[in-house]
Structures are given as structure tokens and as C-alpha cells.
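A short worksheet on the structure shown next.
To keep things simple, chains are lettered A, B, C and D as they appear, and every chain counts its residues starting from 1.
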Amino acid sequence: MTMLLEGLLVLIVLTNLLMLGSSRLGVYIRAGALQGVGLAFLFFTGEGGWPEVSITVLALVTMVVKGGVFPMLLFRTIRQAGVRREVEPYVGFTASLLIGVAAWGFASWVGGRLPLPGVIRSDLLVPTAMFTIFTGLFLIVARRNAITQVLGYLVLENGVFTFGVALETSTSFLVEMGILLDIFVGVFVMVITLFQINREIEEIHMDSSKLSALKD
Amino acid sequence: MSHAVLIAAAILLPLVGGLLGRLVGFHSGLARLTAAAGGVLGGLAGLGLGGDILWNGGQAIVNWPWFATGYGLTLAVDPLSAFFLLPVSVLTALAAVYGVAYLGHSHGGSSGAGHGAIDPANVGLFAGLLQTGMVLVLLVQDALGFLFSWELMSIAAFFVIALDDGQAENRSAAWTYLVATHIGSAFLILFFLFLGHRAGGLTFTDLARVTLSGQAQALLFVAALCGFGAKAGFVPLHVWLPDAHPAAPSHISAVMSGVMIKTGIYGLLRALTFLGAPPAWWGWVLVIIGFTSGILGMVFALAQRDLKRLLAYSSVENIGIVTLGMGIGLFGVATGQTTMGVLGLAGSLLHVLNHAMFKGVLFLGAGALVQGTGTRDLDHLGGLSRRMPGAAGSFLVGAVAICGLPPLNGFVSEFLIYLAAFHGLLGGQGFALLPSFLVIAGLALIGGLAAACFTNVYGIAFLGEPRTRAAGEVGASPGLMTLGMSGLALACVLLAIALPVVLPGLAPVLAPLLPIDGPTLLLELLRAGAPLRGVLALGALLLLLVGFLAFVRGRLLAGREVGETPTWDCGYAAPTARMSYTGSSFTQPLNDLFEPVRTGTVERPALVGLFPAPGRMATHPGDSFVGHLFTPLFTGAETLFQRLRWVQSGRLQVYVLYIAVTLLVLLGWNLW
Amino acid sequence: MLNWLLLLPMVVGLLAFAVRFKPVLQGMLLFTAVAHTTLTVRLWGGEGGQEAVAWHGWLQLDAAGTLFLSITSLLFLAAAVYGVSYLRGECHRYPAGHQAVFVGCLLIFLGTMTLVCLAQHLGLLWVAIEATTLASAPLIYFHRSSRSLEATWKYLVICSVGIALALLGTFFLSIAAHRLEGTLILGDLVGQAGLLLTPWLKVAFVLFVVGYGTKVGLAPLHTWLPDAHSEAPAVVSCLLSGALLNNAFLGILRLRQICGAADLGAFGHGTLIGLGLLSMATAAIFIVGQTDYKRLLAYSSVEHMGVLAVGFGLGGWGTIGALFHAVNHSLGKGLLFLTAGNILEGYHTKAIAEVRGVRRLLPGTGLMWLFGFLALTGAPPSGAFLSELLVAAAAFKAGQNLVGVVFLALLTVVFVGMARPFLEMTGGEPPAAVAERRPQESVLRVLPISLLWLGVFTLGWYVPPELRDLLTRAAALLGG
Amino acid sequence: MVTVNFAGLVPIALALVMAPLLQGVINRTKAFFAGRQGAPVWQPYFDLARLLGKGAVYSRTTTWVFVAGPVVGLASILAALTLMPLGGVGAFLAFSGDLVLMLYLLGLMRFVTVLAALDTGSSFEGMGASREVTFAALAEPPVFLTLAILAQKTGALSLSGILAGIGPTLWVTAGPMLALLTTALFLVFLAENARIPVDDPTTHLELTMIHEVMVLDHSGPDFAMILYGASLKLWLLGSLVVGLILPAGLPWFVAWPAAVGALILLAILTGVVESTMARLRMHKVPQFLIGALIMTLLALVLGAR
């Protein structure tokens, strides 16, 4: 089980790095989807054999939503909006990667020192979650493209979720489902909004830096 | 009638009258009468209440339950409140009488200076609220109630100013007033909350019991000075006054200028009763404030052509005189010179009373002029004393009184302040003499300037020939307006006679401000007031002499040839009114002299060639505190704020970055 | 009862999506609002003397919840009455489908806000608060203009990011409750707060403050607020500002409640006071010289949330003052946003410089614009005066003299900044182009506004004993 | 306490009788310097008598204010006289602060004169009135300050007390200060009484006048009252100046003649000044008065040492 767990965590870290270093939107979306699937599998890494039905359902829903529905939605948006496939960064890709590595180091350092109660199943868990949260925030801040911001938000959520899974916090099934529903609707509404924006404003091309008419 | 009933009447009747007047607002006359009846009855109740407490001594206390909330509102009339209740009641009542006719006739009057656009019912409502607010301010006995009443009063005045909002200058005036009063209130809130925290309670009894460290005392004094000073109109916090008074209907200007700004003085005195023994520097500060307010008020007043602005600046000057008295009095108290303290404070208080009366007359008179001629511009008036004898006579009384000339009431209070300063000369040494010299020199200069200012006003507006057609066609003011004006003028005369006699009656009023016991205080007042008998005697002598000389003159001229001619104009054959001296010319020498402290702009026509085209010259008197202090301050702040606006850049990325940074900072702050 | 309260708006809201007949939609809106208010009023004082409970204690109407729910419900009622007239008027040109989405989202928005007030499970609370964002997003882009879309986009992303952090905080709280088996039920956490792991609780608190603070609009997390409030229709701005912000604050308060029970002393007080003052200062910067009156109101909301934060940070009288201020602010700001809606409809502009003479053109609106401004900024008689006074008093009482002074100074600056536009807009002569159109104000547009004003005016001199009692209980509950 | 000193009636009587004489002396002195014969020193009395015997002419513009001006003005100065001691003997009435009343009575006189001038609606009289109030406002502070300094030095608060306290002792201990104050008072004396270098009582061009131009329209008994009032004012302020110089505490039979003599000397001095100086340009007059103020301020500093 630990093997699987650590493997999944490494996968998540790698997807993060991939997103930091890539210039193609498609890569982002796929990496995000992969991360979502990996996250879903995390549910199955708990001790004590096969999990309860509720958790299985949760994992399946997560997998479907994050690994299937979201990428579809995003790809559709890109196609219909005729967005350029390049993400235009504020921070260059090499720099992003270097910052990512530094963040990973920092996350590992902090993760090792957090006075966590109870048994931690892997030393990688907390750093991974923190790193993922950081990556999410970084993607939102350092990229121009509006789609990346949706993705950044997703990655951020993944990070938070990793924490949840990692620490076996006992939120109940209903709440977890509620959270998932919220995230699903959230992304859905974001995409719809982007869609509308694209239709309303001709030359926007999902460049969120051009969405700055409202200011003081 | 019991005190409780009187208190309730004084507070509620004006408001009820105003509300009822608003309800019957569809009928202008009825609305005006109803509102005025409330004001007059409330004023009478207040007068009875204040008079009773001052005459018979003691206190009137009544507790009003605050519905079912468990809070009680304690209202009490102690001698200090009672004293301030007198001018408030008299002036508001007479102004209400005046208002009935004033508002009625200004309906549909000429645009511009008249208040044609405003609904009398609204004026009545807010005038009633203003009166209620002022009485409440004087009567409440706890900090919360005080702040509440204070704001009520301020807001009522704001609405009166803002009612005629068709003109940009009036809106600007309303804004200035609102801002000034709000800033003042902020200081008051600071004052009361800080003091209340130290005292462990918010009732005045609690506050009066507190002992304070020197530092706290100093801080509180400054807060009270700023808070109450903004209302009273201490320079440089006076800037709202000259804007607000022209914007309000004249009888409300009279109330605002005559008594509302005095609540600032009341508040300051009340605050002093909480703060304990005054250090000498308070006296210094007040004397300096009074000195600057008095002189600058007059300097600015001289430059005005707008009659009501001029009167507003004159209020600043009179507040300066009041403050001079208070300052020299406090200085006396602080340095142990009791006579000086008693005289200064007594003079200050009496000047409050006197100023309410004569400034009331002057504003009501100004209202009569404005209503009759449709202009507030002095240089467009002239020769009105023939056409409005009632207004002219009352105005003259007010003008003589406000210049502090004997034998009217203004002299009595200024005399006491002078006397306090002179007493200070006897007891002090070195620098301790300086406040006295400041007061004496200040009052002397103020007196001279005031004489210049009010000979100008009376001479230009009422004497000579009418300068415009409107001024030439005015009719006499309606009876109720004349009643209001002459009532106040009569009050000025009566006070001149009465004040020297009843001066010892001020003892209970002054008692909380002085560290001496009642009998000593009474003795001091009796002793210090003795010279007033000389003043009274000479006043009587003066009147006798006037009578005698008039008689002699009459006898001499009887049976002799008394001719009538045009005014001597060096033989020029066709004089017109346009040739007569205008107010602007009259005050020009003084204005030129004070140019450096008073900004303003002059438009001069460029006259070129041998036969230049007709040109106009116009002067726009400014206020150096507006031009050099407040405008730069406010625009500076605005510019600074504009520079900080990059925060809201419109970029989503930056916004999310804010979130991340805030998180990091807060984590760092809270966990390390 | 609680279930009804919750389900009614949700169900009717979902149904509304399917309705295409405009009068029915409007009827549904009005009916739900009235029913919701009725239920809320009946719940005052609880069911049979006890606090109403449902779902095994996941939902419970405690004092704080009652207060915030009442505000929400009342404001929604006013907004609904106004909204019906709004839907009949300006939006008549929109297709029925748009109205269906509008009404549906509005009702679901109400449902989610109700859930926020009721939720005793902090995970559920998170779900509810995030749901308010999602339900309100389509409301903001009702006009489907490029500006409103941009506002919606920013609203969504910023609030979602912020709230994601609150979720992290919720997880941390669960870790802190390790010895309580990670429970997230408020009652359990408060009851056995001594067993919580303090460091995690602290981190959770900070995450809650930042997360929900984004939603509340505390500077510098407020960035979405002026955009969203200014672009949304009046009804929505009114609810966002008057109801949503308070409810989001409830999220922070719940954790403060736990912190208080866990005996963390003055922990977090400084944070709240600092953020509060920063919010007030930020608001002041943007209020002075503001050119858009809806943005002005939005920044004023930032300021008032700052007042709340300062009050809660100070504790004691400050807590009562802040709770009371929440009531006053909601009534006052709600009324101003609705009034702004009338002005916008009459003048077709949001630029302060182009609006003059409201008092002459739209008498009721003009009067309320002025009165509302005075009431909101704390010129008595207005409840806001008392509540701000309480907060200031709390500062001095706590010995935080500097905080008190800065607080008063900032209030004054904001007042000065707001006074000019309000006076300028109310007075003067309306522009000729506007006057020619002869805009009308219907009674339905002025009545709810006037009633809101009457409320905040009355609270300035008479606080009903029931409300006083509720405020005291809520303050006690929140560890004031 | 209000002190009544019946001996003080004598100076009043002296003033009433002799005041116009000072005017005559000044004119006589000027004539002497101009090398003219000049009018007799009694000429002012003749003028008064003749005016009193005349009828009057009034401008149609004027109101009762115009008539009241001279009457109230003369009454004011007469009332003020009761407060002014002469030669160190107390005034008829004396009380603390009576100097304020006296100066304010002069103010009242000016007030009514100015109003009477404005009542005519003439631009010339308006101009004169304007100058009058301007210079008066500037003249007030030096007089008040002078008296305040003296009050502080002598420890008395009434005019009688102050002037009684000024004697050789004070001149010895604070001579320079007293000299400065006397000079300042003399300057104000010149200004207040419309003498050269501030005003030229003998000019015939209205544009250059101050006091004279204000009373252009008065005639007959009214004008007589004005002239008489002006003489009394000259006497009154002269007494003040003289009071600073003459030693106090002399018996009455020495003091009064000495004072009258000193007043005549003062008149001669005034005449000398008028003969040797030119009238200042109008806009220099404020500087003249501010000069007087600066002298009092210097005296204040000297006295404070």
C-alpha cells in the first residue's frame, strides 16, 4: 500500500512540475486530469484493505469528474473559443521550474517539521499537498491565460484534497460529496463564464490580462 | 408648573410643532404657524425653566425612561445649563415668530438670495428639531445622551442648510458644514469615550469625579478644544460658518449663529468641569485662540460684501471675544488670581448671552433686507432706513451693541473681560502678564475693527441713497418680523441695564468652574462687579446728556430757518446714487492693510489704448484658511489616495497574489 | 421547521429554472421571500423555548445564526419586493429564460445563505459558503455585458481560491480535533475545546480568516468586491453586501468561538483588528474621489466589514457593537444599493458626475439617498451611530487607545469622502437629457427602501428588548 | 468701588470753559510760524457762538441719524470727561477699568459721527468716514496698551489711580519706558484729533481730509456741537498726555494751573509740529500709527525687565 501511495504522490509532484515547465495548454489539461485520477486513487491507499462503499463511490466520482469531465469541458472551451494553445507566462518556464523546485524543497522542509498528530502514512504526503497548493496558486498568478487560472484553481483544490486524504480527516461522506459538488459546479460556472466572455468580447482570446476594465 | 413638565415642554414642543407643521404642510400658512407655535411655546418653557433655576437656585432633574430598554435618560437643569437655556429659548422663540412672516413672504421671491424654492414646512420641521436638539444638549447628563443630542442638533442644522440645494454654493456649504461638524464630533466621541473609560462610567456625575494624570488631562483638553471648537467656530475651524449662514434662511442663521455655535462654548465649559484644575497653558491656548479668532474674524468680515457672510465672520470674532474671556479666566484660576478668574469667566458667559441677542437682531435684520431687496450684496443696498424704519432701528441697536459700545449690553461683557485682564496685570510677573496684554490689545483692535465693520454695514445698507432699484422700492417688513427684531433689540437694552445688577446671580453658574466656595465667589462677584455700577451710572448720564443736548438743539432751532438741500457734492450738479461711497470702498483701506493675512482674488479689467472699452473690476474676498490650509490639505489627501489606487489594478493575477501574501504574512505574524 | 426553512427556497429555486411565465416567476420570488421571513420570525426564540435543531445537530439555529438569518431574510424580503418591480421594469426586454435563471439563482442563493446560518458542521459550513458563491455568480452577470462578465469571472476565481484555503483550514481544524476523533461539529469543538491541539487550531484560524475573509471582503482580500457589487443588478448588490458578507463573516466567527473556548487568550484579536483597520483605510482611499457611485457603496461595504472586524477583534462591547453594526450595515447598505438601482434606472449612468438633482427628479429616491447615507455613516438617530460608538468605546475600554483613535479617524475620513458625492447627487438640477425622459419611481421601488431606512433609523433611538437580548446572547455565544 | 470725587468737578468745568482755547492756541502758533498775524486765540469761541445763533440746512437724503450724530457725539465726550483726572487730582468718577469706558465713549462718538457722515450719501463724506474708522482702529491698540502698561506699573486700575501713581519716582525708575509711552500717546493724540501729520484741519480740498470732510453737511447748532466736541476731545486726550508728565500728588492750587499750563504748552507743541511737518500721504498714516504701537510694545519690553 505504501508503495502505491508514494507512487501516486510522486505522480502528483511530477504533474505539478510538468505544468510549471510546459508551454502548451493541452499539456496542462492532461496533466491536471492525470493528477485528478491520481488523487482519486489515493482513496484506495488507506490501511485495512478495501475501503467502504461510500469511499469507493467518492473515489469514482472524483475520478470521473477530475479525470474525465473537466478535461472535456476545457478542451471544448479551447476549441470553440479558438484560443491559442500556448500559455503566455508572466514568469518564464525555466524560472517557473526553478521556483517549483525551491518550493518543493521548502514544502519538504516544513512538512518534516509539522507536529502532526497520529500516524502519517508517508513522509511525502504533507510536502506533496503543500507543493500542489503552491503550484496551483503559482499557476493562477504567473500565467496569463484564463484557462490556466481554472486549472490553477483545480490544482489548488487537488492540493487541499491531498491534505484531506493524507490526514484522514473525518469529514463525512455527505460533506465530501458536497465539496466535490461545489468544485464541480464551480469549475462549470467558471467555464461558462469564460465562454460568455469569449462570445461577448471579440478579441479577448482567453487572455485574462485583457480582463482589466474594472479597476480604480 | 413643575420642572418635569417644563423640561418636557421645552424639549418636545418644538419638535412636535415642527412635525405637525410638516403634516399640515399642504397649507403653507398653517404649517408656519404650527411650527412657530411649537418653537415659541418651547422657548417660553425653556425661559421659565432657566429663569427659575437661576433665580431660585437648585436643580431640576427628571428621568425619562427609555421605553422598555432599561436605559434611563437623565435630564437636568443645573445653573450652567439654565444660563445657556436663556439665550437659546429667547432667540429661538423670537426667531420662530419672525419665521412665520419671513418664510411666508419669501415664497416665490426673487431667485438668488431669496429662499423661494424651499418649503416652509420643511424649514419649520428642522428648525424645531434644531431647537429640540439644542435644549437636549444643554439638559442631558450623560455622555451618550450628549453625543446623541449633539449630533441631532448638528444634523438638524445641516438639513436647514441643505434645504435650498438648487445652487452649487449651497450644496458646497452643506458639505463643508457636515464635514466640519463630523470631524468635531469625532473628537467629541474620542473625548467622552476616553474620559468615560478613565472615569468608569458615562454619566456626568461619574465624569466629574474622575482624577486624571497630567497627560490624560492634556489630551482630553485638546480633544475637547477641537471638538467643541469646530462647532463654536474657533479659527481655523471656522470655515463652515461663512458658507453655512448665507445658505440657511435668515432666522435660522440667527439661531445658528446666535446660539447653536454657543453650544460649543457650553460644551467646552462643561468639559472643563470634568477635567479638574486647569493648568496655566490652557489659559494661554484659549487666549491665543481667542486673539486670532477675534482679529481674523473681523479682518475677514471687513472684506465681505455678502451681508450674511459678513455676519458669520463677525460671529467668529465674537466667539473669539468669548474665548478671550474664558482664556483669561482660566489663566486666572490656574495662577490663583481669583478675581481675574471670576471676571474673565463671567465676562465670557455674559458675552455669550449678549451676542445671542445682538447677533440675533442683526441676522433677522439681514433677513428683512434680503427678503425685501432680493440681494445680500451690501453694495446693492442703501437708504433703507426710510423705508424699513423698524428693521433699521433694531439693526442699529444691534450694531452699536455688537461693537461693544456703551451704553448697550455688548459693552458690559467686554468690560468685564477687560477688567479681568487688567486685574491680571496687578497680580502677575514677567511672562504671566502677557495673556493680559494680549487680551487688552486684542479687544482694543477688535473693537476698532468692529466699529469700522458695522458703521460700514449700517451706513451702506440703511443710510444714504438706494443704490439699486430694488433697494429703492422696498416696503416695511411685516409686523411679525418687526416684532421678532424689536424684541431682540429690546433684550439688548434691557440686558444693558440688568446685567450690572444681576451679576452676582452668576455665582452658581460659575461655581463648578472655580476652585472657591460659594460665599467667596459671591463676594468676588459683588466686588468685581462694583465698577459696573459706574458703567451704569455713566450710561444714565449719557442718556441724560443726549436728552439735554437734543432739547437744547431743539430750542435753538425753534423758530429759525431750517432748510433742505441736496447733499453737498462740491458743487457737482447731477449726483446719482451710483456715485455714493460703497461698502467695498469704505473698507478698502483696512482691507489693503490686512491683505497679507487674507487672500482673495481681484479681477481687474485690462484698460488699453486711449479710449478703452468699458471694464468691470470685481473683488472676491477669500479666506486664507480655506485657500492655504484646508483646500491644500484635502486636495493633498485626495492626490495621495489617487496615487495609492494602483492597488486595485484590475488584474486577477495580482489579486490572487494578495491572497497568498496575506496568508503568509498572517501565518508569520501569528505563529512566530 | 429548519428543514422547511432550508428546503423551501432550494426547491422553489430549482423549480423556477423550468418556468417560462414571467408573472409566475415573480410570484414564486415574492412567495418564497414572505414565507421565509414568516418562518424566520416564528423561529425567534426557538421551537418551544429550545433552539431549533435538525439533522442530528448538524443544523441548529443558535443566537448568532438567528441574528444573521433574520438579517438575511428581512433583506431578502425587501429585495424581493423591489425585485418584482425590477423584473417588470427594466428587464422586461430580457427573455423569460434569463428571468428564470435570475429568480432561480436568487432563491437558491437564499437557500445557501440560510444553510450558512444554520450549519453547525464546519465542513457543511464550507460547502454552504462556497455554494453561495456559485449561486450568486450567475446573478452578477445578469446583464451579460462585458463588464459584468469580467466582474463575475473575478468574483468566481478570487472567492474560490480564497474559500479553497478555508477548506484547508477546515481540514486543519479536523487535525486539531485529533483527540476528538476529528469532529467538525461546532458544539463538540466548543464543548471540549480544551482537548484541541493549539498550533493546528491557530493555523486553522488564520486560514479561516484569509479564506472566508476573502468572501467577507477584508482588505487586501476584497479585490473582487467593488467589481461584483458595482456590476450586479441592484437587488443582487443589496443581497451580496447586506447578507452575503455577514454570513461569510459567520465562518470566521465560528472559529473565533472555538478559539475563545480553547482559551487562546488574545490570539487572533490583533489579526482581526489589523485587517479591520486596513480594510477601513483601503476603503477610505478608494471612497475619496470615487467616480462611480455603486463602487462607492461597494467600498463602503469594505469599510463596514472592517468595522465588524475591529469590533470582533476587540471583544467585549466590541462584539456586541459589531453584531449590532452588522444589523445596521445590512439595513443601511441594502437600502442604499436598492436606491442606487433606482438612480441607475433613472439616469442610465453610474458616474457620480452625471447624476444631479435626484431629489427633484425622483423625490422619494433622492430623500432616501440622503437619509440612507446619513444613517449608514452613523449620523444619529441611526443604529450605526450607536454600534460604531460601541466599537470605539470597546477600544478605549480595552486600553487600545491608538486603535480607538485610528478607528474614529478612519470613520471620519470615509464620512468626508462619502458626503460630497451624496450631497452633489441629491441636490442641484437634473441634467436636461435625463429630465426630458421623465423617469418615474414606482411605489414598490421606494416602499421597501423606506422601510429599511425606518428600521435603521428606529434602531438609533430604540433597540427592542428582544433584539438586545439576542445580541447579548449571540455575543456571549461567540465568546465576546 | 465707584469713587465720587466732587473736586473732580472743577476740571470738568475747566474743560468746558477752556477747551476751545487750545484750538485757538494751536492756530495762533501756526500763524506765528507762518509769519502771519493770525486770528485771536478766542476765535474758536466766536465761531461757536456764531454757529449756535444760526439756523440749519439739511440734506434731503439724511435721516434722524444725521441729527443724532452731533448730539450723541457731544454727549459721549461730555460723559467721558467725568472720568478724566487733571493734574493728578482724581476725576469726578473713578472705578476700576474706567479707562475702558472712557475710550469706548470716544468710540461711540466716532461711531455716531461716522454714521452721520454716511447718512448724507456723499462719496466725500463716505471717504472721510472710511479713513476715520481705519485710523481709529489702528489707534486703539497703542492707547489701550499704554494704559495697560501704566496700570501694571502703578498698580491701579482707574484712570485717576494710574495718573496719580505716575510721578518722579516712576520717571526715575522707568524713565525711558515712560518717555516712549508719552511719545506714543502724543502720536495718537495727533491722529485722534485730526492734526498734522495725519490730517490737515485747514485744508480746503475735500479729497485730502479726514475729519473735516465727514462733517461737511452739518450746519448751525449741529456743527457747533461738533466743533465743541472736537475741542473737548483735544482737551481730554491732552489731559491724558499731560497726566503722564506732570508729577502727581501736588495740592490742587498748584496742580490745576500747572495742568492747564501744560495743556497750553501741548497745544503750542502741536502747533509747532503742524508748522514744521507736512501731512503724510494717506497710505503712510497706518505706518505712523503702527509706529506708535511699536513704541508701546518697546515700552512693554522695557517695562517687563
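What we mean here is this: a contact is a pair of C-beta atoms (placed from the backbone, for glycine too) under 8 Å apart; a residue touches a chain by one contact, two chains touch by 3 or more.
As the structure is a prediction and not an experimental result, all values here were calculated from the model.
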Chains most often in contact, by C-beta pairs: B-D
Most widely separated chain from subunit B, with each centre as the mean of CA atoms: A
Approximate Å spacing (C-alpha centroids) for the pair subunit A, subunit D: 98
Distance between the centres, which are taken as Cα means, of subunit C and subunit B, whole angstrom: 43
Intercentroid distance (Cα basis), subunit D paired with subunit B, Å: 35
Centre distance in Å when subunit C and subunit D are each reduced to the mean of their C-alpha atoms: 77
Contacts with two or more other chains, residues of subunit B listed in rising order: 645, 648, 652, 654, 656, 659
Shared-contact residues (touching 2 or more other chains) in subunit A: 137, 140, 149, 208, 211-214, 216
Junction residues of subunit D, two or more chains touched: none
Each pair of chains that touches, named by its two labels: A-B, A-C, B-C, B-D
Residue numbers on subunit D that touch subunit B, as the complex places them: 1-2, 52, 54-63, 65, 67, 70-72, 74-76, 78-79, 82-83, 93, 95-98, 100-101, 103-105, 107-108, 110-111, 114-115, 117-127, 129-131, 133-134, 136-141, 143-145, 148, 151-152, 155, 157, 206, 216-217, 220-222, 225, 282-283, 286, 300, 304
List of subunit C residues in touch with subunit A within their complex: 121, 123-124, 126-127, 130-131, 133-134, 137-138, 141, 144-147, 149-154, 156-157, 160-161, 164-165, 167-168, 170-171, 174-175, 178-179, 181-184, 197, 199-200, 226-227, 230-231, 286, 290, 295
Contact footprint of subunit B on subunit C as seen in their complex: 153-154, 157-158, 161-162, 165, 199, 202-203, 205-207, 209-210, 214, 220-221, 223-224, 226, 267-268, 270-271, 282, 284-286, 288-289, 359, 370, 374, 379-381, 385, 389, 392-393, 395-397, 401, 404-405, 408-409, 411-413, 415-416, 419-420, 423-424, 426-429, 461-463, 465, 468
Contact footprint of subunit C on subunit A as seen in their complex: 115-118, 133, 137, 140, 146, 149-150, 153, 156-157, 160, 163-164, 167-172, 174-175, 178-179, 181-182, 185-186, 189-190, 193-194, 196-197, 200-201, 208, 211-214, 216
Touch list for subunit B against partner subunit A, complex: 645, 648-654, 656-657, 659-660
